[in-house]
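After this come two complexes, each holding chain A, first together with chain B and then together with chain C.
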Partner chain A sequence: MSTRHPALGRLIDRSAPLEFTFNGARLRGFAGDTLASALLANGQMLLGRSYKYHRPRGPVAAGPEEPNALVGLGTGAGFEPNQRATTTELFAGLTASSQNHWPSLEFDIGAVNQALTAFFPAGFYYKTFMFPRAAWEKLFEPVIRRAAGLGRPPRQSDPDDYEHFHIHVDVLVVGGGVSGLTAALAAGSTGARVLLIEQTAHWGGRAPVDDAEIDGQPAEGWISAALKELAQMENVTLRTRMMGAGVYDHGYALAYERLTDHAPDMPGPRHRLWRIRAGRIINAAGAIERPLPFAGNDIPGVMLAGAVRDYLLNWGVSIGDRTVIVTNNDDAYRTAIALHDAGLIVPAIIDARTDADSPLIAAARERGIRVERGRAIARVDGGKRVRGVTLCLHAGEGAPLGHIPCDAVAMSGGWSPVVHLWSHCGGKLRWDAEQALFRPDPARPPLGADGSGFVISAGTANGHLDTASALDDAFDAGRRAALELGHKDKGKGGKAPTAAPEEHAPVQPVWMMPQGAGAHLQEKAFLDYQNDVKVSDVRLAAQEGYESVEHTKRYTTLGMASDQGKLSNINGLAVLADSLGREIPQVGTTTFRPPWQPISFGAIAGMNRGPLFQPLRKTPIHDWLAENGAHWEPVGGWRRPYCLRRAGESVEQAVTREILNTRRNVGLLDASTLGKIIVKGRDAARFMDMLYTNMMSTLKVGRCRYGLMCNENGFLFDDGVVVRLSDDTFLCHTTSGGADHVHAWMEEWLQTEWWDWQVFVANVTEQFGQIAVVGPNARKLLADMGTDLDLSAEALPFMGWAEGNIAGIPARIYRISFSGELSFEVAMPASRALEFWRAALEAGKSHGVQPYGTEALHVMRAEKGFIMVGDETDGTVIPQDLNLGWAVSRKKPDFLGKRGMERPHMQSDDRKQLVGLLTENPDDVLPTGAHAVEGGRRENGMENMIGHVTSSYFSPTLGHSIAMALIRGGNRRMGDTLTFPLEGGRVIRARVVEPVFYDKEGERQNV
Partner chain B sequence: MSEPWMPKPLQSFQGAVMVARHAPVGMITLRGDLDAAEMAAAVKGAVGLAMPAQRRIRSGKRGAVAWMSPDELLLFMDHDRAPVAVDRLDKALAGGHHLAVDVSDARALFTLAGHGVREVIAKGSPADMAPDALPVGEFRRSRIGQVAAAWWLSDAQTLHLVCFRSVGDYMFDWLCVAAARDGLPGFLAV
Partner chain C sequence: MLILHCPYCGIHADETELAPGGEAHIRRAGPGSDDTEFENYMFARKNPKGVHFERWRHVHGCGKWFHAARATDTLEVFGTYPAQTTEPPEEILAHIRKRRPDWKGFQG
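Coming up: the complex of A and B.
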């Protein structure tokens, strides 16, 4: 049984008991506990089941590297799966539940998988379920998905608040251990702006539990002195509960601050994602202890030696009464000594090394602890809890040499520096054979914009495992970071803190214990606890030809669980190297990717949820439309009304009514979203001739011209009406979604190619409301609004414009038409657009005015055969394909797209060309995107396709369906009947016609 | 709190800082040769202020002038005055290469007041909001949340912000959420 020790526990406050529940049972912990330490203090070692075999699992670590102790936290809307008990601070009322078991944690049906281990080898899923495909989808996947997987996703929307926060600092120090504190002191003393962050709630890292002495005093004393000194530096900020999550290009880093996880009733955001631009990032994230692979190393009660020490000294939790230590290095002796000194029993230290000796080993022996050198654990005995270990020679195959009863095993396979933040952005590692670890290679750091390294690793994270050299290194790192940024050594930094040099016996790499273990032991020696990957799986992958560590990872799922292989990667790649007969550095590591630890989706989303999920652009008429039945559709960031429904009306009925009314009486359209860009300057006309395919320089002041814009390849990307305001000023109307792009396109050409042309452009889209007054009664309506303008056909002819006042509002009026009707588009200052709109509705009452939406607009333009960018164009269409060759100048020496259009393929008669379609049954409406087929089947069995429908509607004006299509050689096919096979075997046949269906002569717009 | 030329707020919110949205103000985009004497004279004529230095804004009784780019200024003034001012600028700069356009109705103007204004903006903008990086009178063009914006501080605790009108509602909502009580990180000094 794990239990609370009567005295120890430097982080807990025994005067502040806290109640919490686990799987419904009420338990008690103390303020300062983690959920893991509190559960262990209550004897709760079994916390969940593994992913594949559903083996019983308890905590193996005490920090963020923990692979097993994942629980569901909270209930209802606040429920969160896969929360790490070792990084969850206990609070009163915490509710936790175990995961991945059915029906109960103690008795789990899925554990039968374990009996079938032989049938679940590496790559099992790939091998078994690739064929037949149908069986995978219908049978295997649903069953596996039910049985596997860890926590269940929450069912309700997250009730908490999250936010981002952008800051710029000189030096970001990640890790609040003694190295991080030292680096921050060194950097801070130069006056550099320093942010020091620590993922836990406590400063000092492992130094206190490692019994370090710094500057002649115990670590804890030195840490509080350092914190005091840092607090006095105005240029230094310290934050706890804030984790360095990722490092990205150019000194950009993400840090994840957990504000209220430990105190859910506290007001304010729950998590804050800090988006930090740092001149230098110091990685002082420490090191992680490696497990030892031996048979049964996953049985609850087998734990990392450092974690056993942490639980005892930090939280006053003893993992067992009798703890066997197994190690290949000196550090685990600290655990033995700590346990012994706490009055607990250490039956033996099993040391794989045959001849290790050092002061630490001597200290253990002095306490009378039995040290078994050259020995290994052959296997751990037990099921849901350790009962004992069987010893063997490490150099042998595992023949038993005796049994030691115990209820806990503390293992240490050596320590690996936390190189994640160094590696995220490309920092390289080197293998340190002497210490058996990968450490940052200072010669190959991640490079910033200036070509110099922007991440500096410091202390233990840089491979300095003993306190004295870690402090030296961290001091240098902090100082160097500041000096590289141009800060000056002010002589206040003093010197690096000192610690007594430690004498260690060298580590002996152990990647399988015992060294000659056969298959039956390898099958029980776990590398990845969460994904159930064993030594035998990696060996099998190697046998089957997997040589790359990245492929082996994916094949075996080693390191692919939610702990991202913090404990398993180095052991796994070492086993792979051994299997392949290669050196460890030849095999290398898998790629380290952010985040270092999982961060919440809420933190990633920040404030971008609900109404702030996406900015909604609103025209000046938006609110009126919303109040008057608008059925919205998104258009280029805006919402435009598809139609305006009246009470009891369907969407289709509303569209039909709007079309018929506009054609018969008069309609109002909010066209404010249309892009409006001013082009002005001595060279404006020349610039316009380059931008548009047609001639714009000849456009007279007072006139409008429809124009097309193509990219360099000749493909049409925007269209609109160009207005000549004066000799040197044009107004370009663009599509609603295209305004920003066209503006950027203009600026790009002006800034990069034609920088010496005298042209200024300005995007004035939002300055104006633009309202189209459309229909036979349009002129009467405007006249009734009261205007000083002469709107007669003679004074204001088609494609003319004028300026004046309408209803007392300054307005520019364009006589242009996208519907084929008599039509005026009126632009007015946006602040007066709603006033204009209301005045037009009022004046239009007697003329039958009704507002209409975008669908009526679309149908009416299709009736007239007008194209819509994005419907009739798709990025591969040139104007000639759309019968718009008339708008492509043959006279101009050059324009954007001219040369593209001259390529042979663009000149081919066999390109897809725009045609109209009339279905045989006039009530059939072709689906947009339907393909016309002709000429049998291709080799792959598909019917040969010759084009597709680009727009298709039922025309209420004409009483039959109409469609436009891009058809191969369409211009030659007038009168042909095309076949459109649809889903379900249905076929629609349609006759090819001219794409202008209504008022071919264009008389209606000229009334 | 607000500058003399700023119209009254239309709506406001009091959280960790105060957020107010103003009625439309006059704004003119003015492009041309910022080194030309004619330009300086035209600006003086329009708002009574000298040319701002790079990335700076000058503000006075009649309005303000902000440096937008090496060839662009943004003038602020009373809403009604903008159309006339555009005509005057065109006259004053006639013959030279320039562009003056009224963008009053294309913009929304906000004021934030309180000791946390820098931190509220830093929740949504990658721009450095530290006092040494954005001193009073510095004009910054960047983004807030998901939209473009420009802002400056007129004193240590008062920030003014301009964005496109179409996203004015989004900006107000965004600022109110960012300015929620108990939400200031407490990192940036005033």
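Coming up: the complex of A and C.
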């Protein structure tokens, strides 16, 4: 049983007990506990079931590298799965639950998977579920999803607040251990702006637990002195509970601050994502210990030696009464000594090395601890808890040499520097064979904009495992960072803190214990705890031809879990190297990718959610529409009313009413979203001729012309009515969604190709309200509003425009029509648009005026065969495909898209061309996107498609359905009947007709 | 997340303020060009490992297009310059040659 030690625990406050629950049971911990330490103090070693085999698992580490102790935290909307118990600070009322088991943690049905180990080898997903394809969807995937996986996602939306914070600093120091503190002191003393961040709630890292002495005093005293000194520097910012998550190009870094996770009642955002630009980034993130691969190394109670020491000294938790130490290096002896000195029993230290000797080893022996050299653990005995270990020769294959009863095993396979932040942006590593670790190669750092390295690794993270050399290295790193940025040494804090040099016996690399272990032991020796990858899996992958470490990772899933292989990567690649008969540096590491630890989705989103996710553009009429039954649809960044529903009316009824009323009486449309771009200057006409496919330079002042814009491929991307305001000024109307793009398109050509042309363009979309007055009574309505303009057909003919006052509001009035009706589009200053709208409604009462929405607009334009960019076009359609060849100039020597249209394929008669469709049954409305098929099946079994429906409606005006379609060679197919197979075997047949369904001669608009 | 100096407004702009515009110094092939010229203009783009000339627009800033000379492998920026030119300025070329003595030179 793990339990609370009577005395130790430097981080807990025994005077502040806290209650919390785990799987419904009420438990007690202390302020300063992590959830993991509190659970262990309550004897709760079993915390979850593994991913694949549902093996019982307990914590193996005490920090962010923990792969097993994942729990669900909170309840209801605040529930979060897969949270690390080792990095969760305890608070009163915390609610935690274990995951990935059914029906209970203690008794789990899925654990039968263990018995089927032989059937779940490396790559088993790939091998097992190849065929038939349908079985994936119906059988395999649902079964796997139920059996595998970790926590379940929360069902409700996140109730907490999150934010982003932007900051520029000279030096970002990641890691608040003694190296980070030293680096910050060295950089800060030059006056450089320094941000020092620490992922836990405590400064000083492992130094106090390692019993280090710095500048002649115990580490804790030195740490508080250093913090005091840093606090006095105005140029230094200190932050705890803030994790350096990722390093990106040119000194960009992300840090993740957990503000209220430890105190949920505190006001303010829960997490804050810091977006940092730093001149230099110092990676002082320390090192993590490697497990040793031996059979049964995942049984609850087997833990990293450093973690056993952490739990004892930091939180006063003893993992067991009898702890066997197994190691290949000296550091684990510290754990043995700490346990012994705390009055606990260390039955033996099993050291793989045959002839290691050092002061630490001597200190353990002096305490009477039995040291077994050249020995290994053949296997751990136990199921849900360690019962003992079987000893063997490390050099052999595992023949038992004896059994040692114990209830915990502390293992150490050596330490690996945390190189993640160094590597995220391309920093390279080198293999240090003497220390058996990958460390940053200072000759190959990640490079910044000026070509120099911008990340500096410091201390343990740089491969300096003993305190004295780590401090020296960190001091140099801090000083160098500041000096490289041009800061000057001010003579303050001019030397590195000192620590007594340590004498260590060299580490002996151990990648399988015992080194000659056979298959039966390899099958129980776990490399990746979270993904259940064993030594045997990596060996199998190597046998099957996987040579690249990246491929092996994906094939075996080694290092792919939420801990991203913090414990398993080095062991795994070493096993691979051994299996392939290669050296470790030849195999190399997998890519280190951000974030260093998982960060919340909330922090990534920040405040960009709900109404702030995307700013909503509102026309001057928006609020009036909202109050009058608007059924909204998103258009570009705008909301436009699909229709305006009256009480008791369905959407379809409203649309029908609006169409019929507009065709019979008069309708009002808020067209303010229409793009409006001014093109002005000496070369404006020349520029317009390049932008549009048709001739715009000949357009007379006072007239309007419909125009098309194509890209250089000749593909149509926007259309609209061009108005010539004066000799050197054009107003270009664009589609509602296309205004910004068209404006950018114009700027691009003016700035990058025709920069000598005298033209300015301005996007004035939001400066004007635009209201369409449409229908047979439109002229009468405007006259009744009171105007100084002559609106007669003679004075203001179709496609003409005039400027004047209507209802006392200055206005431009364009006689253009997108409905086929008599239509006046009136533009006025945006600030007067609502006034105009109300006046038009008032004046229109006696003329039967009703506002209408976008669906009525769409149906009416389709009745007239007018195209809609985005419906009839899809980025591969040229104007000629839409029977708009008349709007493509043959006279102009050049325009954007002209050369593209000259390609043979663009000239082909066999292109898809726009046609109208009338369904055999006039009540059938074809679904938009339905395919026309003809000519049998293709090789792949699909029916041969000859085109698709681009727009389709029921026309209330005509009393039958209408559709437009792009059909291969459509212009030659008039009168033919085409077949449209739909879902569920239904087929609609339709006759090809001209795409203009209503008022072909245009008499209604031209009155 | 690059930082590029905008030669118009003079600020060091974060990548979030910028929009990329592909390879710089492409010569437009309009009517009258042959198929190869047109193909090169429309579709053929360099993708070098090393020195590259790119178009960028300071879209959430001054709105101006500019060019950047940049190393695609190390992300080193050799310099930025206004877009109103058909080839990189000599001082940028000199700087690139200094940083990359093996560089073969600008090929338009």
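The rule is short, and it goes like this: the second predicted complex is superposed on the first by the 1003 of 1007 C-alpha atoms of A that agree within 3 Å, B and C clash if a C-alpha of one lies under 4 Å from a C-alpha of the other, contacts with A are read in each partner's own complex, and residues count from 1 in each chain.
Convention: contacts are C-beta pairs under 8 Å (C-beta built on N, C-alpha and C of every residue); 3 or more make two chains touch, one makes a residue touch a chain.
Keep in mind that this is a model prediction, so the values were computed, not measured.
By the document's definition of touching, of the two partners only chain C reaches A:T752; chain B does not.
By the touch criterion defined above, A:R272 reaches chain B but does not reach chain C.
When the two complexes are overlaid on their common chain A, residue A:F475 makes contact with neither chain B nor chain C. By the touch criterion defined above, A:N713 lies against chain C but remains apart from chain B after alignment on the C-alpha atoms of chain A.
Looking at the shared chain after the overlay, A:I167 reaches chain B, while chain C stays out of its contact range. When the shared chain is aligned, chain C comes close enough to touch A:A449, but chain B does not. Of the two partner chains placed around the shared chain by superposition, chain C is the only one that A:R899 touches, whereas chain B remains out of contact. Contacts of A:D249 after superposition on the shared chain: chain C is touched, whereas chain B is not.
A count of residues in chain A touched by chain B and by chain C gives the higher number to B. Where the contact sets of chain A with chain B and with chain C meet, they give residues 277. Of all residues in chain C, only 1-3, 14-15, 21, 28-33, 35, 38, 41-42, 55, 57, 59, 63-65, 71, 74-77, 83-84, 99 touch chain A in the complex they form.
Interface of chain B with chain A (complex): residues 24, 29, 31-32, 71, 79, 83, 97-99, 101-107, 119, 122-130, 133, 145-147, 164-170, 173-174, 177-178, 180-183, 185, 187-188.
Residues of chain A touching chain B in their complex: 161, 163-168, 193, 195, 237, 267-269, 272, 275, 277, 606-608, 611-612, 614-619, 637-638, 678, 680-682, 758, 760-762, 764-768, 810, 829-831. Within the complex, the chain A residues that touch chain C are 248-252, 277, 447-451, 712-713, 744, 747-748, 751-753, 755, 893-894, 898-900, 902-903.
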